[in-house]
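One chain, chain A, links the two complexes that follow: it is found with chain B in the first and with chain C in the second.
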Partner chain A sequence: MRYFLKVVWAEAVKQHKNYFNNRTIYISLFIWPLFSFLSAYYSYSAFDVEGTLVSYINGKNILVFLMLGYMAMSFFRSVVQSAWNFSRERQSGTLEYIYLSTANRLAVLMGNALSSVFESSIVMLIFGLLIVFSNCDSINVNTIGVSIVLLLFIIMALLWGVFLNACFLYSRDTDFLFTILEEPMEIFAGVKVPIAIFPAWAKIISLIFPLTYVLEALRQVLLNGASISSISNTIFACVAIIVVLLSATLITIVVVEKHMRKTGNVVLF
Partner chain B sequence: MIEVRNLKKTYDVKRRDGLFKSHRERIEAVKDISMRIDAGQIVGLLGINGAGKTTTIKMLTTLIEPTSGTYSFDGMDAIKHPSEVKKQINMIAGGERMIYWRLTAYENLWYYGQLYGIDNAVLKQRIEKLLKLVGLEDRANFPVETFSKGMKQRLQIARGLINDPKYIFLDEPTIGLDAVVTQELHREIKSLAKEHGKGILLTSHYLSEVEELCDYIYLVNSGELVVEGIKKDLTDFVFLRNQYEFSTKGMDEAIYQKLKSHICHVDNEAEISFENGKTVIESKMELSSVLAGFAIQEMLTINELHKMEPSLEQAVIKLSKDMQKEEIA
Partner chain C sequence: MELKVLKATIKKEFQVRLRVYPISFMVGCILTSFYTTFGAWLMYHYFFRRQLSDSFSGLTGTSDYMSYAIVGSLMYLFVVRTCLNVSRTLMTELWEGTLESLMLAPFRRVAYFLGNMLLQTITTFGETAIATLIGVFFGLRIHEFNIIEFGIAVVLSLYCFFGVSLMLGCVMLYTRNTYITQNTLFTGMFLVCGITFPIEYLPTGLRLLGKLIPVTDCVSLMRAALLGGMGQGQFTQTALMALISGTIYIAFGMPLMKQAERLALEKMEG
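What follows is the complex of A and B.
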């Protein structure tokens, strides 16, 4: 376990020094989600949200509703980008040395996701928390619920990142995953628009993204004061996703290494 | 001891035949290679025309799984237990890739050390020792991107030693380096084998480098072993001969004819010519004493007696040409 944690930490530190050594990157990682958030907020101002079918949205908390969506999105988006970045290790030849070492592959991928989840989202997180706290009167928080959901949220974001990292390592031709997973996640996971008002076909697509479930849970406990028992179905879905993601990641890691040893593609780019 | 027998690697490659059609093609990167590396020995792996050197190294480092053949690592089945092998090996490749340019030399070594789970106190000492070994102790905290090519290569060597490997695979380690840095690296490589007892496999395009460093050489072509042995075995294999240049005071056509007949008695396959007052002889035999004896017998004063042994480079070039001729035929 100690060795595992050493590798997680070393990978996180390396990613930090390799990709986040320039402070301006934090600004760039914040600006676009901020613009997108503002655009969504002002789009809502043209409509009467009081009459919505969604229980936890009203005219007062729409800002917090959207902010939660964008904060959560920034965590999940950051891991997609980090997975894409990690696949560049193949080009630089460093992936070969990682695979030459005895390091646990899950630990390497986890370190990478860990660094990116927190570093890419830190500015958005601070901004989001400021918005949430400055709108305390418009929210209805269930403290125990928030603690549990936040824990689930962080685990899911990390595992989503680890799983994507493993997928991106399978081949040099997996860049298409980036296109498939980034924008559609923002559209279909309910970041801007609650899933409850989606048409049936869009609801089905939204089921693919882990963000969908955990974001719904987060909004319920922060905006509706929902208890864990009242959102037990969503919580069960989150736990099931965690189990599936972990299993899928462990299988993918084995399949990727086997595939690399067979095809030699660890050195091809 | 590392020992591989009849190692083979084939790839199934997808080839496009237009926009929608494709077919699968089988490529034999390595057809049949057997070799052995002992501790404290520097073994050279030379190749001609896409010989399969890199694929062989990748198989030995367990990064690629052989299609067939056996691989024994200190008596253990390395194909079944790649992670056990990884603990005791490392690889050093030439070029400027494979290290993190934005990290410092110390950070690079720290990161790779952590990947091997080395205890922090031991790792700190080892990094300092390695940086000193490769002469980078003063640049330990500078980003790699500020390093020259030679410095990056020296850092690669330090990185390759971070887990104190028993066997090291050097894939063209001096590519693109200047003569001074190359000589320094040669000294380090020799010291690793001879003083620290590490088994080393070296591939290089610089044949003089292989000639200088290697105790034993494997020559491969198109994925197959062509010849193995020490340098002399390779030059003998391609029938390369020693070349002698011999001249005496007052050497003329008459003396030359006498010398020719004298040498033909010793080696009737020798090639002899007379150019610019000098006799040039090519022979597989040792003729220095024969030539000196001839001068004494004929009471001639020797102006020049110069012997040139065939180099590894000549042997490989000749072999390459012979093989091209065979392929055309």
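What follows is the complex of A and C.
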């Protein structure tokens, strides 16, 4: 276990040195999500907010509702970027060296996602918390619920990142990742518009994204004062997703290594 | 001479696109337009159940939110595609190693950039047509089509987008970075240029910033030409504002581009 954690830490430090050597990275990590958040917030001004069908959303807490969406998305978005960056290991030939070492593959992927999840989301997290605390009179928090959901949230974001990293051990063509996971996640995971009011077909698409479940749980415990028992279905779904993501990652790691041994190719496709 | 450069640029760029054009760029931009439209559709029909705020109609001159948002997203697609290609022209030459030989050739930059712009305009019209069809499906309706106003809006938009592209190109060449600069401008424009909501909802600072970018006026002109809601006098005034700001962008953009080129050549290996 100590060795596993050592690899996780080493990979996290490596990723930090790779991507945080230039301050412009904070523009993509904070300014872009901030602009998107503000655009969504001001686009609400065109509507009569009190007319919404969702009972716990009103003119007072809609800012927090939206902020929670963008804050949560910044965690999941950062791991998409992490996977994109990880594919560069293949392009630059360093993946070969990782595979030649005795480092645990899962630990490498976890270190990469860990660095990304926490470092890339920290600015947005602080900003989000400031918004939440400055509007604390408009929220209805269930403290125990929040603690459990936050724990699930962090595990899910981390494992989503680990899983995406594992998928891109297989290929160097990662551009489509953004096309599939960036904007659709913003729309279908309920970041701007709650999934409760989605038409049936859009609800089915939303089920693909792990962010959908955990964001819904987070909003329920923070805005609606929901107890864990009242959102037990969502919690079970989150636990199930965690098990599926971890299993899928472990299987992918084995399959990819077998494939690489067979083809002898760690650099190209 | 200038016409020759223009024709040569169009021919060269067309061949490059035919052979190595990254189709993912085109698909990505159309998808962005689709997601913007779809997000607006979800908000309007499902989240807020078609209940607009009291101020919306007064500020925009229309009560058709979907057409308002879709025209905005189509214009956004147009400006993004233009800026993406025209601004990055010299950066692409730098990456491909052809900037040095290009600079050795005795040609006028205006013709070179116009050539790129013309070709891009043709391509973008095709992409916008696809996005418009998607828009019609989500509720785009033309209420008061005025062909003269439409013509003025198109010409002024192209003129202004050319100016914005030049300025963006300067920043790209100077910083030698496209990813951060272009995406910061695009997300910023989406916020301050009235793409899906009237800029009057923004705080004063952001509203002023929006006024400084000619895209805001161009979007308003296009909406007026297709959806109505703007009087003749106001249309003329907005058109004049767009013309002036577009001219300022071009007047500053061209000499700045020369400076940026010089710097890029000096730092070519560094």
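Operating definition for what follows: the second predicted complex is superposed on the first by the 262 of 269 C-alpha atoms of A that agree within 3 Å, B and C clash if a C-alpha of one lies under 4 Å from a C-alpha of the other, contacts with A are read in each partner's own complex, and residues count from 1 in each chain.
Rule of thumb we're sticking to: contacts are C-beta pairs under 8 Å (C-beta built on N, C-alpha and C of every residue); 3 or more make two chains touch, one makes a residue touch a chain.
Given the structure is predicted, the values throughout are model-derived calculations rather than measurements.
Peer 1: In the superposed model built on chain A, check whether chain B and chain C fit or clash.
Peer 2: Superposition result for chain B and chain C: fit.
Peer 1: Which holds for A:263: it touches chain B only (first), chain C only (second), both, or neither?
Peer 2: Once the two structures are laid over each other on A, A:263 reaches chain B alone.
Peer 1: Thinking of the overlay built on chain A, is A:192 touched by chain B (first), by chain C (second), by both, or by neither?
Peer 2: A:192 sits against chain C, while chain B stays out of touch.
Peer 1: Given the touch rule stated above, what does A:7 touch, chain B (first), chain C (second), both, or neither?
Peer 2: first
Peer 1: Kindly classify A:118 by the partners it touches after superposition: chain B alone (first), chain C alone (second), both, or neither?
Peer 2: neither
Peer 1: Given the overlay on chain A, how many degrees, to the nearest 10, lie between chain B and chain C at the CA centre of chain A?
Peer 2: One gets 90 degrees for this angle.
Peer 1: Would you sort A:24 into first (chain B), second (chain C), both or neither based on which partner it touches?
Peer 2: A:24 sits against chain C, while chain B stays out of touch.
Peer 1: Touch test for A:170: chain B only (first), chain C only (second), both, or neither?
Peer 2: neither
Peer 1: If you take every C-alpha pair with one atom in chain B and one in chain C, what is the shortest distance in Å after superposing?
Peer 2: When the complexes share the chain A frame, the smallest chain B-chain C C-alpha distance is 12 Å.
Peer 1: Within their complex, state which residues of chain A touch chain C.
Peer 2: Spelled out, the residues of chain A in touch with chain C are 24, 27-28, 31-32, 35-36, 38-39, 42-49, 51-54, 175-176, 178-179, 183-184, 186-187, 192-194, 197-199, 202.
Peer 1: Any idea which chain B residues touch chain A in the complex?
Peer 2: 11, 54-55, 58, 61-65, 82-83, 86-87, 89-91, 93, 95, 97-100, 102-103, 107, 110-112, 114-117, 159, 163
Peer 1: For a test of understanding, state which residues of chain A touch chain B in their complex under the given definition.
Peer 2: 2-3, 6-7, 9-11, 13-14, 17-18, 21, 92-94, 96-103, 108, 260-264, 266-267
Peer 1: What residues of chain C sit close enough to touch chain A in their complex?
Peer 2: 24, 27-28, 31-32, 35, 38-40, 42-44, 46-49, 51-56, 65, 177, 179-180, 183-184, 187-188, 190-191, 195-198, 201-202, 206
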